[in-house]
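Labels run A, B, C and D following the written order; every chain starts at residue 1.
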Amino acid sequence: MNTFGNIFRLTSFGESHGAAIGGVVDGCPAELELDLDLIQAELDRRRPGQSALTTSRNEADRVELLSGIIDAPPSESGKARPSVKLTTGTPIGFIIRNADHHSSDYDALRDVFRPSHADYTYQAKYGLRDHRGGGRSSARETVARVVAGAIAKQALRDLGIEVKAWTAQIGSIACERDWTRLNLNQIESSPVRCPDLNVARQMEELVLRVKGEGDTIGGIVAGVVTGCPAGLGEPVFGKLHAQLGAAMLSINAVKGFEYGDGFACVSQRGSQLADRFNADFTTSTNHSGGIQGGISNGMPITFRVAFKPVATLLQEQPTVDIHGQATTIKPRGRHDACVLPRAVPIVEAMAAMTVLDAYLMSKSAKLS
Amino acid sequence: MNTFGNIFRLTSFGESHGAAIGGVVDGCPAELELDLDLIQAELDRRRPGQSALTTSRNEADRVELLSGIIDAPPSESGKARPSVKLTTGTPIGFIIRNADHHSSDYDALRDVFRPSHADYTYQAKYGLRDHRGGGRSSARETVARVVAGAIAKQALRDLGIEVKAWTAQIGSIACERDWTRLNLNQIESSPVRCPDLNVARQMEELVLRVKGEGDTIGGIVAGVVTGCPAGLGEPVFGKLHAQLGAAMLSINAVKGFEYGDGFACVSQRGSQLADRFNADFTTSTNHSGGIQGGISNGMPITFRVAFKPVATLLQEQPTVDIHGQATTIKPRGRHDACVLPRAVPIVEAMAAMTVLDAYLMSKSAKLS
Amino acid sequence: MNTFGNIFRLTSFGESHGAAIGGVVDGCPAELELDLDLIQAELDRRRPGQSALTTSRNEADRVELLSGIIDAPPSESGKARPSVKLTTGTPIGFIIRNADHHSSDYDALRDVFRPSHADYTYQAKYGLRDHRGGGRSSARETVARVVAGAIAKQALRDLGIEVKAWTAQIGSIACERDWTRLNLNQIESSPVRCPDLNVARQMEELVLRVKGEGDTIGGIVAGVVTGCPAGLGEPVFGKLHAQLGAAMLSINAVKGFEYGDGFACVSQRGSQLADRFNADFTTSTNHSGGIQGGISNGMPITFRVAFKPVATLLQEQPTVDIHGQATTIKPRGRHDACVLPRAVPIVEAMAAMTVLDAYLMSKSAKLS
Amino acid sequence: MNTFGNIFRLTSFGESHGAAIGGVVDGCPAELELDLDLIQAELDRRRPGQSALTTSRNEADRVELLSGIIDAPPSESGKARPSVKLTTGTPIGFIIRNADHHSSDYDALRDVFRPSHADYTYQAKYGLRDHRGGGRSSARETVARVVAGAIAKQALRDLGIEVKAWTAQIGSIACERDWTRLNLNQIESSPVRCPDLNVARQMEELVLRVKGEGDTIGGIVAGVVTGCPAGLGEPVFGKLHAQLGAAMLSINAVKGFEYGDGFACVSQRGSQLADRFNADFTTSTNHSGGIQGGISNGMPITFRVAFKPVATLLQEQPTVDIHGQATTIKPRGRHDACVLPRAVPIVEAMAAMTVLDAYLMSKSAKLS
């Protein structure tokens, strides 16, 4: 299914080398002030070609909003605000045209299954596939997520909720795990989007070295949601962290998700992890990661997302064709040696949609 | 929301100390042979009091199926099969009465928020809560999952698909990560449900030591799905591993999920993780964990689930009451020092439901 | 699918002659005062055997609520209220045991398809069926709807919204179409539930005559929702009247639905049907039936539901068996000559659930 | 919610005078041959300006498919088929640009609520509205339905299922009710789309007379689905006719829905309506309208849809503004005096989507 969310819902479409990527945001509350420049700014954070670290595929990725908005009135000082719109509560359709097709790069791949890609599985499921650039399985589909996430972020801002993500690890190079000791204002100060600039430099060097080898490398994106009130998330199957986990695991190349102390708490004792209450119901520690029993407790929500090294290499690779015959993939096309820097805005987008949706769901917990 | 799944759906209800736990399995295919004894056997694997390691709460946990089934015909040899039913395609309602209430144990907790429990968050969300034994937030709700999972397992068996889970780590004591080197027939041979019996003994000792201290300890459950055909799972938001991850993260005390090489692949190179195809489209390695682009590739699906040490301690703990006044929780009631052994059938149940649902969804990928 | 609703959701289960009918009400707001006696009273309105007009199947239909509620505090005057509960926001599971089985009545029908029943269609869909009393296709499943509707009604009452339905026509005997000229307090004063007691008497006579012939007769149930605020309902596919129509059409034996002026407006001119606004945005007429563009406008919501004469006759009927061989159905078992009187509380239940669900959905139309 | 369907799903967006109308078709089976010319032909049947009877708003309504398709191979004779595509199983995004804006026509309506329109209800629900041409409440949104329906029709054609609708009544002028006595090949032979050409001429005269008066008139569209196998539709809440009814009631201006004998069976006896089985499980009559217990029985599915006269008049009308002040609406803009002819392809589209969705759902009724 190509729909995400329960009330605030994104339905997306589009292939890597089709006419356009796009989507429909349904359930966006009305009367929200939407700054189109902020949406475009998020797309710019995701777009390829923004630094030496990323793929040279160069797409301007201009989004066009087709519905669901009307012009906002002038500011209080009477200044026109052409980039500001008001949501009307009706669905926001949008498209981003695919500009930079090199489809012929992929002709050699028409009848070949690339290792550790989704070529074979799409063929198995559907009986055919769009082989150009991975088709629907390409990470290019995430542009639609970034648009919807940028809308969700503006709604969350009005609620005092903020979502931040950053590159916490690339290969074996990791920054401090406790986000309160990091300067999150520095995330955008390095091309790898790691707020510890010393670590960022090491990460950058590693990525360039791996890129030079035609290889790829994975890493971890960490995230925090601050300002989230207590009471978001549904018991049992709709636990807030289960929805957040599903959101993250739906991003290409993600192999794992943890929240709060995550996998590390496996070797701790219960007595070490108890988050003691203060008189105002905040807790003195936050091992729980802001969620208890699937419902937010008002503390910051913390989580981490593991990305594998992407499978597209600039190296010759043995594989098979659709008849099972051995063949070889020649290095061609463009790729990211490390997707982490560009994954940061995608992680933020998915977290923003998840939290906004949980907020809207929580409104029906009581009658009035 | 208390419903799990798209086509094969479990809707569950019930609190720890209410009249009953129960649920409705909707979308179960018709004409399935359902052995009620196998359902009960799965409940017995989950039930408390089954070994010295688990809580002494002693519930027989007898399930009663109320609808959706009719008597099966005799076996080919003419033997009556009273425990075998046929599903009719209509919803299967079921209940498990709560027999062993010690609700008065919880009177002292009526106005107290236990640290790292869901007491405060339920109160924040709903304005009130059932304080007895954690109410709906108690892991007792998982009995409904085990019933539904036992039904799903029997459907999967007819498709040649099998789900196995085991305790892979408790505290710092871990068994071999590669499941192909383990004897999975030995899972039930130890009370901790670790197939490496040497490691199992060490785990058992650790749990008993922690229990003696009134403390708790976490761990990792690993799982594998074998016999799964290629083509299950939906692209983009409904990726098979995203659904599997959401399923696992919805289990009480789960803090993390990974599949295939998971978090470990962060520090690997893409060239190290490429799963090369064989001529029959199997792969020579399985770093991917049986899923590519969110769709199964026919290889075994492997995953791991991190459980925190549960928050209920047999130790005095400082906390606050619902007015924010400092107070102390006295050790009372019963608890599991380590939930891992009893979590194994729950993990299997959630995996079975997820895979069966994906299978049923996959039937509409083609028209005929 | 056996689930109704988006936020306030009923998932039901149970066959006519199985162990029990039941369901789960999910998404019921917390802190609602629920009077169990009012739920039982609605079941009593639906139950068979309440008058000479209805089937003699005599079921006490006692509902047992299994979860999602806690005891309500005493009334302000200190009086205990044992039948009053508070909802906790968690799912309300319930069952009604099937007491009065005459399953052997149906042995002759095991291999026979009754005309205009669902025997053949269930067999075609599922490959087998529970032949006893129609199994899941029996109108007995509507007891679960009445329970959930009785809960919804109590929530609506707190919002000042009331749902009323009545028998408006049986055969060719019809009462006044404009509900404002009827005394709706008299609905329960006649066994046919028609508020015009003169017409009611004629209806009663007709039903008894038809019953004496072993035949059956249809009719129309009319309904009105008063006190509904403007703004409920979703544009486009989730129009309030589309949801209401689907709710009504899901009731056994319903063949048609109309709202406002319905089919009658076909032969009117647009200029005749314009509902002119008053200064307070009420309208001077209500041809629209309280809904414009799928969204409630604050005027009473009016609708009508057509029921066919049920297919179970006390007459010999020719038909075929499952091999297509001609056979005859002998009159036996019990039946309603006219379902209208007992359909009234079912129509009310479905309308109450639909409106409450729309109310809860409408809370997310704006951010705060 | 702006999504229709369970597996075959349309999510639509767009306002009357925004940039575009569009949608996403998700869940369309893969490997379907899709003729784009047939999609355009359906749009041409719906488009304004096609005859003297319809609004003079003149939109070419060219649809652009943006994803989910790849080029089809040449025909067996080697001929290229540029208008034929293959579906890939991934979502089909599409847009239709709004070409013929006369938004300034609507400036006078910015602060006015038109009687019997959705102006007031949108304002009540969302706190603001797009006043130009009715915004999202305009019937212009139905272009998205026609596109999705045209895709569904091509899938149904491959299954041998056909959907036909026609104008059965305008004002008091009605054609024969029994479709088997009509020549459905003549539907497109008259501008009103009534297959009885004598009746069609009378309808046409009536519409022109009403149009001359600046007034509007309603009517009934009848439909039939042939070739539908037994077994489609879900029991209880997802009955096939409940889904079909919801689909029809979601179309602008629809006030009622009936299937089979519908409201007319109210005054019949059960013995008159019994559809007797033939040896091949067809029935000798079809009072049931092809559905028993919510599940198709293999006979033609028949239904009727009541449309009110639309509320836009070319007459001066008294109303109120958004402050409740009395004002007058001057006749301007363009409108249809009778929407029936253009509603026919919309009814067909909704029926086609409903039946295809039910077909895809039915695949999971059995395991293999």
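Here is the rule we use: a residue touches a chain if its C-beta (ideal position, glycine included) is under 8 Å from a C-beta of that chain, and two chains touch if they have at least 3 such contacts.
Computed from a predicted model, the values in this text were never measured in an experiment.
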| item | value |
| --- | --- |
| Required steps from chain A to chain D (each step between touching chains, minimum) | 1 |
| Relative orientation of copies chain B and chain C, as a Cα rotation angle in degrees, nearest 5 | 180 |
| Distance between chain centroids, defined by C-alpha means - chain B, chain C (Å) | 38 |
| Between chain D and chain B, distance of the C-alpha-averaged centres to the nearest whole Å | 45 |
| Separation of mean Cα positions, chain D and chain C [Å, integer] | 28 |
| Per-residue overlap in chain D, given as positions that touch at least 2 other chains | 1-3, 12, 27, 30-31, 89-90, 122, 125-127, 136, 235, 365-366 |
| Touching residues (chain side chain C, partner chain D) in the complex | 1-4, 6, 12, 113, 115-118, 120-122, 124-127, 136-137, 141, 169, 171-172, 210, 215-220, 229-239, 241-243, 245-247, 249-250, 252, 255-263, 265-271, 273-281, 283, 287-289, 291-298, 306-313, 315, 317-320, 324-326, 362, 365-366 |
| Touch list for chain B against partner chain D, complex | 7, 27, 29-32, 89-90, 155, 158-159, 235, 360-361, 363-368 |
| Chain D residues within the chain A interface of the complex | 1-3, 9, 11-15, 18-24, 26-27, 30-31, 64-68, 70, 86, 88-93, 95, 122, 125-130, 135-136 |
